[in-house]
Amino acid sequence: MKRIGVFVCHCGINIAATVDIESVVKDLEDYPGVVLVQDYKYMCSDPGQNIIKEKIKSERLDGIVVAACSPTLHENTFRLTCKTVGMNPYSCEIANIREQCSWVHKNKDEATLKAKLIIRSIVEKALLDEELEPVQVPVIRKALVLGGGIAGIQAALSIANSGYEVILVEKQSSIGGRMAQLSETFPTLDCSQCILTPKMVDVAQHEKIRLMTYSELEDISGFVGNFKVKIRQKAKYVDWDKCTGCGLCIEKCPKKAPSEFDQGLEKRKAVFTPFPQAVPNKPVIDHENCTYFKTGKCQLCKIVCSFDAVDFDETETFVEEEVGAIVVATGYDVYPVLNMDEYGSGKLPDVIDGLTFERILSSSGPTGGEVRRPSDGTVPKEIVFIKCVGSRDPEHHFPYCSKICCMYTTKHAMLYKHRVHDGQPYIFYMDVRAGGKGYEEFYQRAQEEDNVIFLRGKVSKVYQDDDKVVVCGIDTIYGRNVEIRADMVVLAMAIRPSKGVEELTRLLKIAIDQNGFLTEAHPKLRPVESLSAGIYLAGCAQAPKDIPDTVAQASATASMVSNLFSQEYLLHDPLITGVNEDLCSGCGVCVSVCPYDARKLNKEEGIVEVNEVLCEGCGSCSAACPSGAAQQKNFTDTQLSNMVKAILSE
Amino acid sequence: MFDPKIVAFFCKWCTSAGADLAGTSRMTYKPNIVGIRVMCSSRVDPEHILNAFKNGAEGVLIGGCHPGDCHYQSGNYKTLKRITLLKKMLNDLGIDKNRLRLEWISAAEGKRFTQVMDEFTDEIKKLGKLKINQL
Amino acid sequence: MAKPKVAFYWCASCGGCEEAVVDLAEDILTVTDAVDIVLWPVALDFKKKDVEAMQDNEIAVSFINGAIRTSEQEEMVNLLRKKSGLIVAFGSCAHIGGIPGLANFSNREEIFDYVYTKTPSTMNPAKTTPQTNTVVDGYELEIPEFYNTVKTLDQTIDVDYYLPGCAPPPDLIMNAVMAILKGELPEKGAVLAPDKSLCDTCPRNDSKPEKLMMNEIKRPHTVEMDPEKCFLAEGVICLGPATRSGCGERCINANMPCRGCFGPVKGVSDFGAKSLSAIASIMGIEGEEKMTDEDIQKLVDQIADPAGLFYMYSLPSSLLRRKVMK
Amino acid sequence: MQVSYYPGCTLKTNAKNFETSALAVLDRLGVTAQELEDWYCCGVCFSQASDNLMQQIAPIRTLVKAKESGNPQLLTLCTMCYNTLKRSVEFIKADEEKLETIHKFMDREATRFYGDEVDVIDVLSLIKQIGLDKLKEAVVKKVKNLKIASYYGCMLLRPKEIAIDSPDDPSIMEDIILASGCENVYFPFRTECCGSYQIVNEPDIVKTRAKKIIGSALKNGADLMVILCPLCYYNLDEVQAEIRKEDPRFQTLPVLYITQLLALLLGLDLDIHDFSLHSVDPRPVLKRKGLL
Amino acid sequence: MTKKKAISSRKLTSEDADQLHDISGVNVYACYQCGNCSASCPAVEFMDIPPHLVIRLAQLGFIDELIEAETPWICAACITCTVKCPRGVDIAKVMEGLRQIVLRRDFEHINIREIDKKLREKLPQIALIGNFRKTIL
């Protein structure tokens, strides 16, 4: 039997006032396995710890129980004490006789008895505790960033600048994401592309970053520090190694299709780069629209390419990589106007969403930055902006606030006014949420200097009447309905997680909330981590946010990744549940129960195997295992059973 | 009135932390319940509960995190199912199912912790001694 | 050298275990060649006094089947304990209580009341029930006492080995007998069957899905069961994961799920609690986070009689041993 | 195919033309609408008070009769009836306790109605269910350039639990009109209320509404307006005459039940039409377009 | 509404407010005053209090004011407001609740006998029966 020492702390009078220490000491002295009982006024103090150290040595103890305060306070303290004299830290147990005994009971006899029972049960645990060492896992110091918008770009650059390798995967052929589509950004009104494109170039040129555009994550296995990922590179039909990006193929291509980048306002070719500043600036052939793929005829691009880069036979390829951390920065989509029946279901040409208006305002856009309405290209003299379209509407669309609309709509109205001086912008709003540095001032400027009329209320209906778009709404401040015969309407549509993110989260085994946004490990204290270790979040995939917030979060994410990579090994709590191979019959019950996929059935051997790194030590499998083969370390069935008996002993 | 013996299992992250909060807030409750701290309520095996009854416990209490808040994602759902089924079986074994209680108590619910302790102790007192005769 | 002496005795059992000995077929000749049978009430005419006349430990090994239900059984097994070197608890009833052990869901009073007055075929207006002592025509008659609780053999006497099964399969019996004869014995208290549970040898193992889930509990008579598929994967409760293997998968091969006659595996103290926990763990995993307490109750209520199911063979050997009666 | 048919009060009096045309069109499309042997007033407006269970008895009793008839579907022509019956079904399905109470009031009914046994259906949905292709095939009179404004009114689209189409942007009438060979005219007020029963003591509301609705349809080039509800019909047809009296410059637009138009296009017997019931005479337009 | 109105807890929890809640079954506190109900109401121009303010007054407990208002009687129960409401507030039911409160206090809003006989014959029954909602039946 082990030689257990029990150290009872008075905690000044915190324990001693209601627990009769002398009686407790006497009681424990006779307890089987206990070779020493020692009490002291403040066990956690230096002299107290020294007593423990001395006694461990002098009494040749191989396990100790400290009866004191809650283990959340000093378990680590006492375990470190043990470690300094060569005792395994896991041989030290804490009996909580303060928070759960002396402080909550008034009657001294009752409290003393309860303290005895608590200590006895912990002695029983200590008697069967194993010596444990933390599980060590090497870390692969390479990160995978999913998504090449501003969030992904910032995260990738930041991780790479810390000296670690990064693979940046983007499903479009160019990085840049939504930010590349924007005109000017609030509240400073600097040009979005002007501040973004240098960063895009940095990514392309960074020696630590491997850029994989037109690619998607196909498969993943492994765990924090040791993920194995498979990336699918879609068929581009253009050999980018040969292509110089001269653009001749694009020029000659006879087939056009609506440009996604320009929100369908403009056409692009079937062989195309999404926008002139694309990175990498090399084209892909759009299989859906290419005449050759449809009819077998054409091949003009191939003919004009002097580098023989066009390859119609190209197929998708797969790349396998090992990474230590993953950043999910998959961004957002705009909720389609199609869903807004009361606003014309997308059938009215001059009722558009905010992102489309960004293209109209953008100097690189289809109108060169001149505000012209889509239907007939005339300059709209009155524009109505409607906020909270699809947002804050739990009854029909989404319950959440899309957060960016208040500011960008104000910016839209302002930019419109700057371009069309005699034009009148109106904004229908429910609340103005202008929290952020310089945001309120920006909003005030729109009211004072740019004469934007803010109407507090919702719009119930928008319809076409001749060449006008009639907007029927209310100004709840005025208290009456209002009708505006506008030339154009811009809807601040809700934003939602981008398409395909749900499949991705299933692959990554990370959670999403009821609206499809990625769930963070803790809403306040762990806002950039997912619940799966080693997978981090950045940008609008997690929740709607504007550019400053996105960049801040991406930087935080990168610092978490660097933090992880700064360690050679990951240390993992060894209180895991193993498998006794002599007892395990491979029934697989534990596999179903494990929330971390740490347990896998090896069908060949007929037993279950445990990945010690994935196991978080909840012990649910131990309770589920019908053959006693799954025993949680230092929480075995025998230990718990003995603890119960000790509590019930007189 | 007799003084019942009650064994409890508290999960480390929520209920045990709630118990600590009750302590640091100097709340008081009845001393009949002695707790065992486990990592998760789902570690508690029905075997441990029967073992407690066999060895003289008049009641068994299990405290876990609220649904959706489990530190281990889904442990408490497993506990809930096991305990629900076990209660049904306890009835067949002649043990009042109210002698076994599952409560969700968060780390912030110190007050509730004390209420549950007192309520359960009173309930067990009302149910009386559990007379297990194995012959 | 004289052949070792062997006894067979039966207590509260159906007789199937006796049948199992006969099922050894020609192998029984090997046994009879090697040993002298000194007591076997079902087959040979020896009397109690013959045993009483023996020296202590004279019988090399006694195979006792059946649970302990009456004072007569208790007396006989105590006698055999005294006279035998080794005692083997033979079959589920001696080992873990078996089917007779289900009587522990009631007590003597209830059983007598039902059997002697309430069964449809009984006419007993005077409500006469068996008494241990009765005076008839001036003579006092004595019959064994019917105990309140069914016990396993090891709750009555010290047992050296256990041969599980309802009934134990011939190969295990032969192995046990040969081991005893050769003196190659495992440590005392061992169960003479493999340590792993039935899934280890189950022919349906390959059909197991990656994650076992039971979203609905089906009973064997309500579904057409795929003869190749894991029962649990089909929603049928099978206690194989909790039950010691060695039975030869007789039920499984007859397309019936395991009900646990071999008892728990090593280290498990309560078969019912453990198997309940395993089954509850894989019930309704899909969408569990959305389930209300009522949903869970409904799910659990699909198991009509959990105690009867999970303790079908092992109630007397469970932690509580019997129902707590008022 | 056979469905039960619940006429309701107005169909037997002021809206005879709706009933005759609808039944004839359905008959041509192969549907027998079997009138319930016993039926009661539906109560007209679904009672929106949560404690007013008495008001639910009339519709539920009608549904009991429908259940007894054995047909799985119950056709209503009047949209008020559709709305009341359908919402009663939703009401009792949502609250078992109230269903129990309502049943207690109907102790003389042999049958109990629980909500799912009979499907209350309107004529548009029924035609769609029969198939627009079938309708297309049945059309015998091909018209050119007949521009139809389809007016939905409220009761088929609101509340959304019982809506037969999108409350804001429905298309079922337009689909039927298109299949029948006519052209659709889009006008923004096609789903807006006509003023309903306010015609009785707040006729100004109705007049304002009618002006807006008719004006908008005319502005968008409609030759005819088709509708489904006898009350909308009154408010949009009869009231036009009154507006005209007050304002001679007011332009009128003939209003027909959609089934009247379909009956003409399907070449059904002209005797079923009683155009004298219309205050804005549709005959000139119909003649011009070759339907008469 | 030129008068200054006192808001008090007594008003917020009055019997009238409870009655309105009981009859309508609607939680008016879900309303965040977007005004869509009023914006979409086809009869708002005839109302003395637009629908969104009806809900606002109900939130503040000014039921007495609502009982005197014309709005509930102008409402024709077309349900447009309810369909539009982003917060699931059934405004049409609140209107019905207000009508019911009045009618249950023995006050008829219209007198059937005053309806012109000729009109009575010509009108569809559904118009008449519908309108009788404004009387105690």
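Labels A, B, C, D and E are assigned to the chains in the order they are written; within every chain, residues are numbered from 1.
Just so we're on the same page, contacts are C-beta pairs under 8 Å (C-beta built on N, C-alpha and C of every residue); 3 or more make two chains touch, one makes a residue touch a chain.
Just so it is clear, the structure is predicted and the values come from calculations on it, not from any experiment.
> Considering only chains that satisfy the touch condition with chain A, which of them also satisfy it with chain D?
Common neighbours, chain A/chain D: E.
> To get from chain B to chain E along touching chains, fewest steps?
Between chain B and chain E, the shortest chain-hopping route counts 2.
> Taking the mean of the CA coordinates per chain, how far is chain A from chain C in Å?
55
> Report, in whole Å, the distance between the mean C-alpha point of chain C and the mean C-alpha point of chain D.
74
> Go ahead and note the Å separation of the Cα centroids belonging to chain D and chain E.
So the centroids are 26 Å from each other.
> Counting in whole Å, what is the centre-to-centre distance of chain B and chain D, each centre being its mean C-alpha position?
About 62 Å separates the centre of chain B from that of chain D.
> What are the residues of chain A that contact at least two other chains?
In chain A, 342, 461, 593, 620, 623-624, 637, 641 touch at least two other chains.
> Would you pick out the residues of chain E that each touch at least 2 other chains?
Correct list: 45.
> Touching two or more other chains, which residues of chain D qualify?
167-168 - these are the residues of chain D that touch more than one other chain.
> What is the complete set of touching chain pairs?
A-B, A-C, A-D, A-E, B-C, D-E
> In the complex, go through chain C and note every residue touching chain A.
By the definition above, chain C touches chain A via 195-200, 205-206, 208, 210-213, 240-242, 245, 264-269, 274-275, 277-278, 281-282, 285.
> In the complex, go through chain A and note every residue touching chain C.
On the chain A side, the touching residues are 582-589, 591-593, 601, 603, 606, 620, 623-628, 637, 641.
> Which residues of chain E touch chain D once you look at their complex with the stated criterion?
Residue positions touching the partner: 22-25, 42-43, 45-46, 74, 76-80, 82-83, 90, 92-93, 95-97, 100, 110, 114-115, 119, 122-131, 133-134.
> Give the list of chain A residues in touch with chain D in this complex.
Within the complex, chain A touches chain D at residues 341-342, 344-345, 461, 463-465, 470.
> If you look only at chain E, which of its residues touch chain A in the complex?
32-36, 38-41, 44-45, 50, 52-53, 84-88
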